[in-house]
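As structure tokens, the structure follows; a few thoughts come after it.
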């Protein structure tokens, strides 16, 4: 099967990039399933219900989140009713929403897990111990499991990749908004990339107007972030997976 | 002119990768100048005098450092005598060593600046304000200026790239040990990459044995880091620069 | 001379505590000068012009700030016109406002410096090197100099106290909102306390409703901070200073 | 019953302070039980077996630890055999040692819990959820339960105090090495202090030679910490507890 995973979609430009590039990616890669990280999809921060449904309309089948999950407060109300939207699984028990889910496309069931790192990020539950428990539950349902590891430090991301090598189909990093050049299939059949990258305005600082961020570094004064404009990019990976075994045969980095 | 910049060399495996791959890179790219980040060259932490001279012997002309600069204490004694070795320029006044330097190769003078980021790193002086002053001094001597920005956060690195766009030949990120897939020449002729990547054992966590780091994330117990072994990689970029103007024409990411 | 320094005033309850307790402190300690940290005076975050003038009306002669200085955006407009209000001196050059100032009361000129720590706080300029320069300028005008060091880590605060021992009349810590029990005059005549404490609702978490903060630690979900109510406290110190020499003779911790 | 809790003992000077002051405290307060935080007892970092037994010899009945628990590596070998020594309970399952324990003195059983905060400290398990489970187990054995909360941020410490108000006899903060002036019995009978303070050399930076730490702040160069000398202090609290109910009647801060 062929899965497309799109990196952090930032604001309206990011959504426009999805609308513009997804049809040709569909055609070229004969995609069975499209997953995207949507933590910045609404104005660069969080996700409203309206934007979630806009993304479904473009042909995205499943959404993951990250540290910005609660930035649009309305998500607290609607996330429990959503079956195609997950947030990091290592929030403490009782948090709204779920940390993993299943989606069936073209007769194939895929399990998706969202996790947050803890280095330079809030102290959620241990992602290493927690992911093991989740995988054990999910493996009963399907061998195809995709992990979105939303984390800052490369050490934590690379370590989780090795830790899950052979246990899941892919460990895909998100959050830093810059695609890394280390996409490969590890020796036990797990695809790995440290960061899928960002989908949105290219000539920006992680999606935000560059002048604002530069000024912030110069002055240490607070800044009102605004999503940049200009040329749009889409960053993603295509995974070619043997759905019988869950092993990934190939990971192809995409930059549009 | 053609410059090769090699990303963080980690321990003996990293030095062996330099010895193994540099001759062919020399031949293929007709290099005028070879620069490398050496902050992890001695046992994964810091740089001894012996290892510095070993690296010079392999054909590296100039060395930069990073947050691990003082890990081998002997460097405090010898760094002031070295003319081909710099540490982050934004250490407070009075710190041993220099933060920038010049090297002449094939009749062309190149200025090199080393800077440290401050997000998730110690509070050195402001790299944005400081680099401007240094560039003003160096620009009198040569238009070819290379910046090694040793930093953790992608926001800080991307912002410095834009900030120096048109003022230097290249802003090359180091420190995260994972090469990014965003190498390009910005619109004012400044080459940019968020991270050049790491030179050393590939099947590791940033150069360290993966079992040690995974165990550290599982248990939060202290770990004694050991440089990994196995397949060796070299991560670098080649810069093709117009030495008359200092503008970069092309940046080529290298993975061996 | 007798100086009262009041710790971080939090919201309306904090202002009411000032109004309630300052008259009796005036009477008891025959105060020449009243200084207060006002970084939380408006709704727990920042300082509006209206609240600044309310505090002046209560008899406070000079206000200092901290990491919350820009939380009420209007301060960016009015701080440059204020002569009795300072923000941390180690903001980069060009930031609005000033980092030190003078006030004359009963014929005695007092210099006041506001500094921010950098451990667990944004990377402003180095407070240790910067304060030395400021003191050299101020010492020409008066031997009586008070430093409000707004910092998190006890190591940084204690170190600055020793560093300025004999150079200023007092180093008074703020920011942690809990008064420390280490007020004393160091051997060179500098009064020192790691934290003066907080002025506002006592049965709270640093001034905020305790239920909100506890829930935040349990769930890691975002919280909308609200200033607590109930019993009000005022935390402060009285400094008895020889205005001829600038040496402090006595520091008296106050808890009302 | 009367319990003495001694704040972080730093190195040989700290142990000498215990030896010097404990006999008179015994006499004055008729102590039933003496507990101490020993995370810095061996050379300022960690705890060796020899030093643990030296502390027992002075009359300390039970030892708690903190973030420095593993600094002396031999503790990993002997901590599992110790019944009077605990480390933060919120280390992940499988860590050496235990996070809580009981001690019987003069016929009264006391439960002691050690916890680490997570703000500005490593991401151990959530202390708020974990302590609730531990208290439920311990409450079957005795109503007298003492919590050593080893944490940096005042918000986290104050919040845990309120969270455990009425559930334990005392929440005593450690780690910042500066005694706070907020010791009191909360309205449900739980004694609380944000930090008990440090036992060791007074004219120092948290026990370390002040010149070393000041130089570190000025230069950002690494420093070799050395325990200071000079006047010794002991920081502690005495708890007067009704052993029938576990309610604390009085908390007396001690500074010698």
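The first chain written gets the first letter, and so on, giving A, B, C and D; residue counts start at 1 in each chain.
We take it that contacts are C-beta pairs under 8 Å (C-beta built on N, C-alpha and C of every residue); 3 or more make two chains touch, one makes a residue touch a chain.
This structure is a prediction, so every number in the text was calculated from the model and none was measured.
Common neighbours of subunit C and subunit D under the contact definition above: A, B.
Chain copies subunit A and subunit D are related through a rotation whose angle, from the C-alpha fit, is 180° to the nearest 5. Centre-to-centre spacing of subunit B and subunit D amounts to 44 Å, using the average Cα coordinate of each chain. Among the residues of subunit D, those in touch with two or more other chains are 92, 123-124, 126, 129, 218.
Across the complex, subunit A meets subunit C through its residues 70, 76, 91-92, 94-96, 122-124, 218-222.
Every residue of subunit C that touches subunit B in the complex is listed here, in rising order: 92-93, 118, 123-126, 129. Put simply, subunit A touches subunit B in their complex at residues 120, 126, 128-129, 152-156, 158-160, 162-163, 176-182, 194-195, 197, 205-206, 210, 213-214, 217-218, 253, 255.
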